Every structure is written in structure tokens, then in C-alpha cells.
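Below you'll find the structure I mean.
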Amino acid sequence: MKSLRRNDLVMLGIGIVIFAVLQVLITERIMSSFWQLNVIIIGINVIMAVSLNLINGYTGQFSLGHAGFMAAGAYISVVLTTFFHVPFALALIAGAAGAGFLGFLVGIPTLRLRGDYLAIATIGMSEIIRICIMNIDYVGGAAGFKGIPHNTTFAWVFFIMLFALFFIKNFVNSDGGRACLAIRENEVAAESMGVNTTKYKVMAFTIGAAFAGVAGGLFAHSFYLISPNSFTFMQSFNYLIMVVLGGLGSITGSIAGAFVVTFISAALASWPEFRMIIYALALILLMFYRPQGLFGYMEITDYGPFRKILKKGGRDDG
Amino acid sequence: MEVLQQVLQQLINGISLGSIYALIALGYTMIYGIIKLINFAHGDIYMVGAYIGFFAITQAHLSIVPSLLISFVVTGCLGMVIEKLAYKPLRHAPRISVLITAIGVSFFLEYTSMYFVSPTPRTFPAMFGDVAVSIGGIVINGQQMLILGITAVLMIVLTYIVQKTKTGKAMRAASFDVETAQLMGVDSDRIISYTFGIGSALAAVAGVLVGVYYNSIDPLMGIMPGMKAFVAAVLGGIGILPGAVVGGLILGIVEALVSGFISSTFRDAAAFAILILVLLVRPAGIFGKDVKEKV
Amino acid sequence: MAEPLLKCENVSEVFGGLKAVSDFNLYINPGELVGLIGPNGAGKTTAFNLFTGVYQPTTGTITFAGESLLGLKPYQITQKGIARTFQNIRLFAELSVLDNVKIAFHSHVKYGLLESVLRLGRYFGEEERIEEESKKLLKIFHLEEHADEQAKNLPYGAQRRLEIARALATKPKLLLLDEPAAGMNPQETKELMDMIEWIRKEFGLTILLIEHDMALVMGICERIYVLEYGSTIAEGTPDEIKQDPDGAIHAIKGISLTVNQGEIVTLIGANGAGKSTTLRTISGLLKPKTGSITFQGQDIAGTPAHKIVGLGISQVPEGRRIFTEMTVMENLDLGAFIRKDKDGIAADKKRVFELFPRLEERQEQVAGTLSGGEQQMLAMGRALMSRPKLLLLDEPSMGLAPLLIKEIFSIIEDINKSGTTVLLVEQNANMALSIANRAYVLETGRITLSGDAKKLAASEDVRKAYLGG
């Protein structure tokens, strides 16, 4: 068990090295501003993907409304920073709390819904959130919210991302996470093993939504203007695709998925007319030939070379 | 009196819009009934149908009825092709894989259409613009009459097919129990293919009618109506044909009333609010039956 | 005597008008090992679902250690001390064997969300304890070397054992086992019996067990309840209950059987022996991995089900599976789906109505409103509408009252006399052997005995295993 703590430290170390390298590339302006923005977007997408993975991959609840939570977090935090000059960190926390509360509300109907029905209900919820924002003139309505302070830096994104990864990794490897996995695998049996399935489904939604809220706050503060149209269900599909591409139930997968999707989008940015067509075909082919995604249920630490670096103590993922 | 008149007028508008939802919802519900798939691409098939109708009218200079027919047949075939290429290989795959494939197909249809017909909306030629009947101040215009008429005819034909023909009976049987239907000699692959064909054809008609009604079509026009039609199908009880029709009409009427009396910006929210309400109060829908999971 | 640990009084459960369990009474004293037996569809699993809160009784009371269980959710009942296994194995298939057990410690974990996420406080200590205890349990059930494998990759018997290990990890007072030996071979069954005895003593458990394997039930249970049509028909010690019930899931291996024209052949065997799988393979719903199926000189292995109907084989599926929302007439029409001869179809409908006059009276009725017996008749009638040369019948007596069973079986004989060959799968071995020409006995996916039906009915082994005496 002690090796678990060691693993965490090794991971944290690797994280800090990656951060240092990227930060140097950014401050020395070796990286173009286009890619600087994309690095930030990747970080935000990683947060979105792992948090969605907690709901969809680990708990097996099919949510298609992640962009709605992101919108809630984004709007709550920009109102606080722009109108009330609340410190950025506090605004992010408030955004997370607000989105988490919505997640809690959305989680409740999941007690009665399954699979496809839940998917549509979550799309519905997120669209309602979006339409409501569109009708609030205070936040700019459909035209969007202007004059947002540019608070999001690479460091903010990176360390919040790291926190999200550790949070969700540790949760998944604890009793609560096992309860979620049990629900995914077999709800009736989970309930028979003493798992209050209602509680854990709602918990997964709340935690997932709270992180989406933080990601929303980071996203909003990377731009001067945000509009409700940045948070349509098409955006939710995008996050779902990252998770599925990487592997439902794999944190490494979510990171990889967020990378690949963001890179492909950025790389195809010059051919917008083909971008979505290629995207669509890739998605269909993925389902045909590798439906479990790049990693399936596996983590990078489950593969040979990494096993040695991180002496395995029990089954711990990273 | 004025308010009553307004309500009645919105009711007429609602029924017209609802008929369109109903046509799309029928396809959703039929497909869901038989392979338990929410065909996210269904709304896009409706869009393709609208474009085929548009080109038939503007390029081939056909009148409305032959254009509807062409769109009906071509889109129906397209639905069958999509089923064969994208869904059939995944017949035994987990539901989530099929659902994601459906999202992929939806993107594919939207953006290939965009490539070929350009993203800018096209203006449907005006039709029946001057035809209108006024009863006590309530106006039913030509487009609305067309929508109601065509929808009624299609419903009657569909009811006949499903209730009386052999294929229809096989469709019903397969949606109750695919395996037993096979034991009766029903080729389930063929029936699934027909179901996609008929469902897509109905959506195509809805697409052309919407073009006539609103005068404007674009490659992303199918997204919202597609989702709303699904709401309609759930509202009526998914898998149940009369349910889809009733669900579509209710949804259309509610939307018309909301945009007429509250604000048209809340129109879309109304549909989703209905959805969530139904799912919470009566997940099986108006005509559905609750079934207990067998343990 | 001490207060019973579990007491169930006048419990009824009604599903859509059908009584699954009616006026059910049962008590279990602390420390007892009680068996619950009865034919398929008698309501045994429903009883378990009622005890564990999966279903709520329509009427009646259930108390556990003096507390009412009514209105409690399954997880609350587990926390009170009732654990169960499932007849149709419900493991967390994609997870490791070890995690399967760890999950079950859920109610006994003493750290909170924050501690787990930040890995502080009791997290490491508790995780260590859970891991240790889980491994101990795995060892008891000889699963320790499989600890890191995915549960779905375990051999069948090991999956059954893992279900029990997992149930024990919830630290129950009362353990409910739903057919723990289903699909196991005799050797495995024997080991399982010993294991159940041992854990009972070791953990001070009270056990209630559903089982088809009579030897197992008679061997270890102290008291037995016999359930039929949802009510208890007998209760007592194994010696007192040396009566009828029948016998013990698995696919099939290397089955060879022939059915000659004009015969009635029956396939008997315990639950899960592979009887239905055999029929489903013949009718094309399943594809055989290896081997051939020849019908009238033509190899039909792997031919899709809808084409096999056209060749002249028709199946009456287990559980009837009629189209409940369609009328009787429409069901029959679907039976004739492959045919185009209108006159022939009409004639055959007439024939079906002669065989089953009750269907004629109800021809416009929606099939779901028919009684169980009438539904069986409809399923048979529907199958006859394709004018089959070979009729496959899967458990036609299931859930029917004795008088009706007699009627159905005599009709099967009539159908056979008019020239249709019949292959019959049946739980009620007595009935099946009485009308069959020849029989095959299936055990865990293999044919262990075959021959003349009358002779088999007289054979000692068959009597013991399948005829309850």
C-alpha cells in the first residue's frame, strides 16, 4: 500500500516535469500563439473528458449533457469576476459548486432512467440550461458575454487538470469508485452488495459536473467573449467522442482522447469543409474496428514498462 | 373573444407543426421499436429529404406532389443503405457503440450535405401563398392544408401497411420479439431494412413539407426537429405508432402556445421540459406499459 | 425456541394480474440450513426477490431479526444482514475477481469521500484491511490464484463460487443461495456441498437455498419447503419430503441425437443441462460451433432461423413467447408467414381450431389476455401454421396446472398421430416419458443416457435423478 503513495509522487513528479517543459516553450515564445491556445484547450478538454468518463465510463450512466454543466460553470464564474471582481480562484470554485449543484439535480432523474432515455434527458437538461442563459439579458443573452478578464493561464489549466486527474483516479480506486464500477457492471447485484445505487449515481453526476464547471470557468477566461452557442449539445458529443476514443473507463484513455481530438481539430482547421466529414467517418470506423477505444479499461500503468517504474501495489491506476 | 381566437389560431399552427413532428417521430419510434436504437441521424435524413424535394422543385421544375414522391422514394432508399452500411454490422455490438455510430452518421450526413449544397440556407419557392381559408377569423393557409392533407393520407397508408399487410404484421411481430418472429419465418434483417426505408421516407416527406411551410432549408435544419421528434416519440410511448402521432401533435401544440403566448425563444426549452417531465412522471409514455426488469 | 431469523407471513406478489407467489409462509430459525424446492416457474426466485427487496410484496409481511423488511431498498436489506447469490450469475463481469469481492465490503468501509480522494487518514489502513479480508475469502473458495483475472473469464463453477464469496463479504447473518449448483458437474456439486456446510459453521450463518439438484438439497438441508404455483405445498425434513420435484445451466458439447420420422422423442434433464440450447441450435437461433445437423438429408447447421422454418421445422419456444399485443388470429397468421397458399392456410387454421377449440372462441382477442394454458395452445397452434414436418416443443408444461398439462400432452400425441414428428424438451420428465417413443437424458451439456422411453422411465438412475423417487 505504501507503494501507492510512492506511485502518486512519481506521477506528480512526471507532471511537474511536463509542466516545466511546456511553460518554458511558452514563455520563450518557441510555441506559436495558435498552439499556445491549443495547449490550454487540450488541458480543459482533458478535464472535461475525465469528468465525463467518471459518469459515462466508470458509473455507466449515459450522459450527453456535459456542455451544459460547463456552461453553468463558465457563466457563474465570469459574472463573478467581471461584475463583482471576485478573485479568479474563488470564481472557479463558485462555478464548480454551481455546476455541481446542477449535476446533483440532473443526477436525481437518473434514478429512474436508463441508457438511451438518460442520454436524451441529459441533452434536454443541457439545452434547457443553454436556452435559459440565452434569455438572460444580464449575461448578454444570445449575443454572448463580453469583457471577460483574461485570467486563464497555462499554469492554472495545468494544475487544475492535474488535480482533476488525481481526484478522479483516487476516487475510482476507493470504495466509492468501486461502488460506481459495480453499478456499471450490474446494478441489481451492486444493490445486493449493499451499494446505495442512487447515492453513487448522483455522486458521480455531481463530481463530474463540478469539474465540468471548473473547466467552463477556465474556458471562459481564455476568451474575451463567450456565447451560449459554445455550449450546444454538439459540444457534448465532442467530449463524449474523446472519452469513447480513449476508452470508457480509462483515465489514460481520456487524456489521450482529449489530445487526439483537439490535435485533429486543430490540424484540420485549414480544411473546415472536410474536418467534420473525416471526423464522422473516423467515429464510425472506430466503432466498427475498435469499439472499446484506444485503451479499453486499461491504464498506461497496466502496460509492461510502466509496471516496472511504478512498482505495483495492488491495482492502482494513473 | 380575442384570446380565444388567438388560442384557436395557435392550435391550428400547432397541429400543422405537430403533424411534421409526428411524421418524423413515426420513423424514430418504428426504428427504436425494432432494434432499440435512437437513430440520431434520423433528423438528418429529414434534412436530406428536404433537399431532394427542393432540387426536384427548383431544378427539375416538378410540382409538389411528384417532388414529394421522388423525395419519399430516394430518401427511403438512402435510409435502407445507411442501415445496411452503418448499423447492420453492429447488430450484436453493445448499445453504446451503435448509438455513437448513429452520432457519426448524423455528422456525416450534415457535413457531406454542407459540402455539396453549401452551408447557406436555400429559399424554397413560395407555394399556395395566396390560398387561405378563414373561419371566424382563424386562418388556415395553403401550406397548412397541404401539411394536414399529406399527413392524413400517409397515416392512413401506414396504418394499412402495418395492420393489414404481411410485411406490416412481420414488423409488429419483430418489434415485440425478434427471435420468435424469426421462428415464424420472418427474415429479421429484411424487416429491419424495410423499417428504415419506411421511417426515412416519412421523414423525407416531413422535410419537404417543412420547406414549403417555412420557405427555408439548411444542412443543419434536422438537428432540432430530430430531437423534438424523439421527444414526441417518448411522450407517446416509444415503439408505439399512434403514440408517436399523438406525441407529435401535443408537442406541436405546446410549442405553438409557448411561442404565441410566452416567447418564441423558450419554444425549444418547452420541448425538453416536456421530455424531462414525462420521463420522471411516466417514463413509458402516454400509451406505454411499465415493464419490470426480470431478476 | 428462539425467535425465527426470517419470517414471512401470507406474502403474495402479483404481476400484471398473475400471482407469482400467493399466501406464502416461511420461517427460518437462526443457524438453520433450509431448502426451497419446486418446479420451474413455481415462484422460488420471486420469493428471494421479495426477501431482498428487489420486489415489494403486494400483501403480507416479511420480518428479519424482529424488524419488518417492507419498504426497504435492497441495499438497506443487505446492510441489515441478508446477502444473496443469483440464479443467472450476476458478477461484475469486467472487473477483477478481487474487486468483485472488495465491492461487497462497501457497507463496512470506514473512510469518507475526502479521505479517499486525498488519500489521507484511514484510507490506506482500510484498503489494506479490505484487501486482506478479500484475499482470505478468495482462498476459502479456491479463487486466490484468479484474483487479478476478469470475472467473466473464470470457468463456470468458479463464477458460482465467486458469487458466494462476494455475498459473504457483505458479512451477512442470512445467506440466500439461488441454485448454487446449477450447471455444475457431480464432482463440483459435491465440493460445493462441503463448502456450504463449512462456511455455515465457520461464519455462523443461516442459509436458505434454492436448488434443483435433489441430491444436494436432500443431503445438506435440515428443512425443506416445496413451492408450486406460488404457494408452499409441503414443508418438513428431507425424509418427510421424499417426493416429486425435478432436477439441476450450461451449453452443450458433442450432442448426437436422431429423430426418426413419425416419432415423439423427448429430451429430459436438469435445469441448465442444455435442453433448450439443443432446440435453439436445431431451429437456427444459435449456430453450432462444430458438428452437423441434418434434416431430411440436408445439412442445416448454421442456416438462419427464418429459412429453417421454410424447410419444415417449427419451434414452440420456452415461455411460449406469443405476440401478446396482437390478436390470436394475427398470431396464427404470423405462424403462416412463409406460406402463400390462402386456401391451405384457411384449412390449417380450421385444423388448429379443431385441436384447440378455445382458441376459436377467442380468435379476435388480444393474445396477452389469454390464460397461461391458452397461451401455450396458441404458441403450439402458431407453430403448426407453418405446417411443420418436425415440431420442436420447449417446456410446454411450464407453469401450468396438472389438469392442463394432461390436456396439452394429449394434444401433442394427437398432433403426432396426424403425422408430425415431435422433439420435446420437458422438465416434467414423468409426463414426457409417458408419451414419447424414445428419450435422451442430458446432463451438463452431454447426453448421458438414451433409449426407449418406457425403459428409461423404469430405470433406477433416471427415477432417482429426474422422477423424484
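So that you can tell them apart, the chains are marked A, B and C in the order they are listed, and the count of residues begins at 1 in each.
Keep in mind that, in the parts below, contacts are C-beta pairs under 8 Å (C-beta built on N, C-alpha and C of every residue); 3 or more make two chains touch, one makes a residue touch a chain.
Being a predicted model, the structure only gives us computed values, none of them experimental.
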**Message:** Once you draw an edge for every pair of touching chains, what topology comes out, line, ring, star, complete or other?
**Reply:** complete
**Request:** For the pairs B-C and A-C, output the one whose chains share more C-beta pairs in contact.
**Result:** A-C
**Asked** Counting in whole Å, what is the centre-to-centre distance of subunit A and subunit B, each centre being its mean C-alpha position?
**Response** 33
**Item:** Mean-CA-position distance for subunit C and subunit B (Å)
**Value:** 42
**Request:** Please report how many Å separate the Cα centroid of subunit A from that of subunit C, as a whole number.
**Result:** 43
**Request:** Mark out which residues of subunit B touch at least two other chains, giving numbers and ranges.
**Result:** 295
**Fill in**
Listed in rising order, subunit A residues that touch 2 or more other chains are 188
**Asked** Of all residues in subunit C, which are in touch with two or more distinct other chains?
**Response** 54, 86
**Asked** How about subunit A: which of its residues touch subunit C in the complex?
**Response** 1-2, 4-5, 8, 166-167, 170-171, 174-179, 181-182, 185-186, 188-197, 203, 249, 297, 314-315
**Request:** Could you please specify the touching residues of subunit C with respect to subunit A in the complex?
**Result:** 52, 54, 73-76, 78-79, 83-84, 86, 90-96, 98-99, 102-107, 109, 111, 113, 116-119, 123-124, 126-128, 130-131, 148, 166-167, 169-170
**Touch list for subunit C against partner subunit B, complex** = 15, 45, 49, 54-55, 86, 283-285, 304-307, 309-310, 314-315, 317, 321-326, 330, 333-335, 337-338, 382-383, 386
**Asked** If you look only at subunit B, which of its residues touch subunit A in the complex?
**Response** 36, 38, 86, 89-90, 93-101, 103-108, 110-112, 114-115, 223, 227, 230-231, 234, 263, 265-266, 268-269, 271-273, 275-276, 279-280, 283, 293, 295
**Request:** Sort out for me which residues of subunit A touch subunit B in the complex.
**Result:** 62, 109, 112-113, 115-117, 119-121, 123-125, 127-128, 131-132, 134-135, 142, 188, 234, 237, 240-241, 244, 248, 273-277, 279-281, 283-284, 287-288, 291
